[in-house]
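Take a look at the structures listed below.
Shared between the two complexes below is chain A, which pairs with chain B and chain C, respectively.
Up next is the complex of A and B:
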């Protein structure tokens, strides 16, 4: 479904992504783990069209998307939940969701879709008219995910959804990732919390300073002695 | 909330009727002149607030005023081109300049203070260009429009024509403001203001929306500059281009409240009247006093009433109504 090849991304002279390749099949939940500053967010932003790659190709459902503008990528069925959620604090919950269905394809079906979203997120339906800035951290993350789903994506990318949340809320977020998987979404998840993320993943990649250092299924990660000590704390 | 909107709607209608009848009620052409200036500056300040209320504070709208003012004036004096066409040319030039400027800023993600600083520099450049082209533009001494008194040259025996032109433009600008409020454009621009990354990753075309509102704002501002020049028949870099006038437009909108449709009008009415009052009552004995008053009052406003007069008023009314409805 998504195919990333030979990807190089630079911030000025600094190379943030170095020759990364990544593949996601339809319906899979794939995670990218790695330490702070490894280039995980950069990778997602590049796929989302927010950053231009210097080299390499990204194709989605057989179509090249690596030179597309961000809004165009969304129209093609990929949606990103940015790091920290970034809900629009001065807009109501409802308006936040409306912005999510801004692209042409989604706008037509926005009404029914909204109903569906409120079934998935009953917390939000009680807070429709409330400003997003007044929600709790967990609710905000939920709203950010719901807002991305409003664009009716086939691939949803989550950038560190557990960042800054209380442990109990983190569990909730991961439970929701599982729900999305059951709903048939393809999910690309970036996490520092490797332990929890590996439990929901079909396939995983490890990135260190922009380079791909390991890939495999969750079991392979569990068996690797280096990853065990460095990332899983076992 | 419904009560407020009903209230403000009837208030708006009353104001409109008053403004339409005013030139016939008062015989003093001086007063009509002042109100014409108020309407003109309200129009420009409203156009400025189109951008500012979505976080794009431009300190360089003098560029568009200057283009709008100078192009038709110079084209008329040198080539005899009627301002009816000259205004259109000025409009197109302003849109082109705004497009180049806007695209450059937005492409490289210049936000907030940085955007403001770039626009400020551009305003300074516009005044310098006018001075550098002294031979053509008259430099800092300004330039006077050739008088013919012909309708075809946009010159009218009855100055009240300008009053109504300014009034129509202002109403048009307010109408567009309301239309933006009701359209998805408002939502998109608010989202962009709050987080460009989130907006972009949800499929909002950030640059397209920012360009749209910028071009609209610049075009209307240029139109205001054109009408101003045709009305006062004199242009100079101090009165209609450059940093000074750019800032004075911001002051008017900020004082009245740049988030309320009536804000720029209220601000312009206060500042233009006060300027006239100070000028007449003190004459030349205390030059610069009005600027000092504005400087201090702007400082106080930004600290204590950041949403301006209209913004603070509507918030107070809403609070009051909430309390009343809570009691019942």
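Up next is the complex of A and C:
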């Protein structure tokens, strides 16, 4: 479904992504783990069309998307849940959801989807008219996920959804990832919380300093002694 | 004397409505495109000349001339985005400011070359409305009602439509707006077209009130800036409130002392606000 090859991304002279390749099949939940500053967020932002790659190709459902504008990528069925539950703080919860369905295809079914979203996230339905900026960190993360579902994506990318949240809320977020998986979404999840992320993953990649250093299924990660000590703390 | 003050108060409110429209356009452009439109008042002057030209040279009926002037200014707004802003979107702030400031010189001198330095206007006699000892010029009343209606429509547009939502999203977080599927270029052009059309509309309201000359716009640029910064840059509600505060304060002071003192008072209020609340009346820090 998604195929990333030979990807190089630079910020000015600094190379953030170095020759990364990655593949996701339809319906899979794939995670990318790695330390802070490894280039995980950069990878997602590049796929989303927010950063242009210097080299390499990204294709989605057989179509090249690496030179597409971000709004075009969304139209094609990829949605990004940005780091830290980045919602529009001065828009109401309802408007934040509505803006998620901005692309033409999603607009037509926005009303229907909104209902579905409120069933999935009852906490948001109580806060419809509240400004998004006044929500708690966990609620904001829920809203960011809900907003990206409003665009009716086929691939949903989550950037560190558990960052800065209380342990109970982190569990909730991962439950949502599982729910999305059951609903048939293809998920690309970037996480520092490797333990929890590996539990929901079909396949995982480890990147360090922009380079791919290991890939495999969750079991392979569990068995690798280096990863065990450096990332899983066992 | 009491009647005079009441009349001044009313005129201040009526004038405040039109100023609110001007402040809205300037605020919208600043909030969305993140540029300071230095020549905004000059665009009112240009709009005035356009309407004057359509009416006197092409003999188009006045209301149609006004509509054409509004459309023409909307197109000029788009042109500004295309020719001046787009190439400078990622340039340092100072370059954008200089480019737009030089637009003042271009527009004013162009007007002088085409229409000359004389005062020009369309002579209209509009009835005066009388309540006891209080007289209101109907031209002021029409301008006020028109301005308030327009602001209402703009409010609905921003809050009830997808495009309006797109404008608000881009104003708050450009990258995230792109990320949810908004094409920012469309939003920029739309904002500039709206901002431009508003200068045309303000010009149309000014037709029965003022005569125009090439430097007519300067005082409106200053006025619009005072209002917008006083209310908090980018804050639409702040701009609305401060338009009335400044409008009433200057209008009442003009009656109590003189027009010059009124202008001084507006700037004193402005400086005072900057010393107490640099972010403006409704502005947030940062």
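Criterion: the second predicted complex is superposed on the first by the 234 of 234 C-alpha atoms of A that agree within 3 Å, B and C clash if a C-alpha of one lies under 4 Å from a C-alpha of the other, contacts with A are read in each partner's own complex, and residues count from 1 in each chain.
The definition used in the following text is that a residue touches a chain if its C-beta (ideal position, glycine included) is under 8 Å from a C-beta of that chain, and two chains touch if they have at least 3 such contacts.
What you see is a predicted model, and the numbers here were worked out from it, not measured in a lab.
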Practice task
Overlay done on chain A, so just call it for chain B and chain C: clash or fit.
Solution key: clash
Exercise for the section: Mind working out whether A:152 is in touch with chain B, chain C, both or neither, as first, second, both or neither? Expected result: neither
Practice task
With the two complexes superposed on chain A, say which partner A:98 touches: chain B (first), chain C (second), both, or neither.
Solution key: both
Handout entry: Touching partner for A:41 - first (chain B), second (chain C), both, neither
Key = neither
Practice task
Pick one for A:141: touches chain B only (first), chain C only (second), both, or neither.
Solution key: neither
Exercise for the section: Could you look at A:28 and tell me whether it touches chain B, chain C, both or neither (first, second, both, neither)? Expected result: neither
Exercise for the section: Have a look at where A:193 lands relative to chain B and chain C in the superposition and call it first, second, both or neither. Expected result: neither
Handout entry: Contact residues common to both interfaces of chain A (with chain B and with chain C)
Key = 48-50, 69-71, 74-75, 80, 82, 86, 88-91, 95, 98-100, 102-103, 106, 147-148, 151
Practice task
Please name which positions on chain A make contact with chain B in the complex.
Solution key: 45, 48-50, 69-71, 74-75, 79-82, 86-91, 95, 98-100, 102-103, 106, 144, 147-148, 150-151
Practice task
Under the touch definition given earlier, write down the residues of chain C that touch chain A in their complex.
Solution key: 162, 165-166, 168-169, 172-173, 175-183
Handout entry: In the complex, chain B residues that touch chain A
Key = 184, 187-188, 190-191, 194-195, 197-206, 208
Problem - Residue ranges of chain A touching chain C (in the complex, touch as defined) - result: 48-50, 69-71, 74-75, 80, 82, 86, 88-91, 95, 98-100, 102-103, 106-107, 147-148, 151
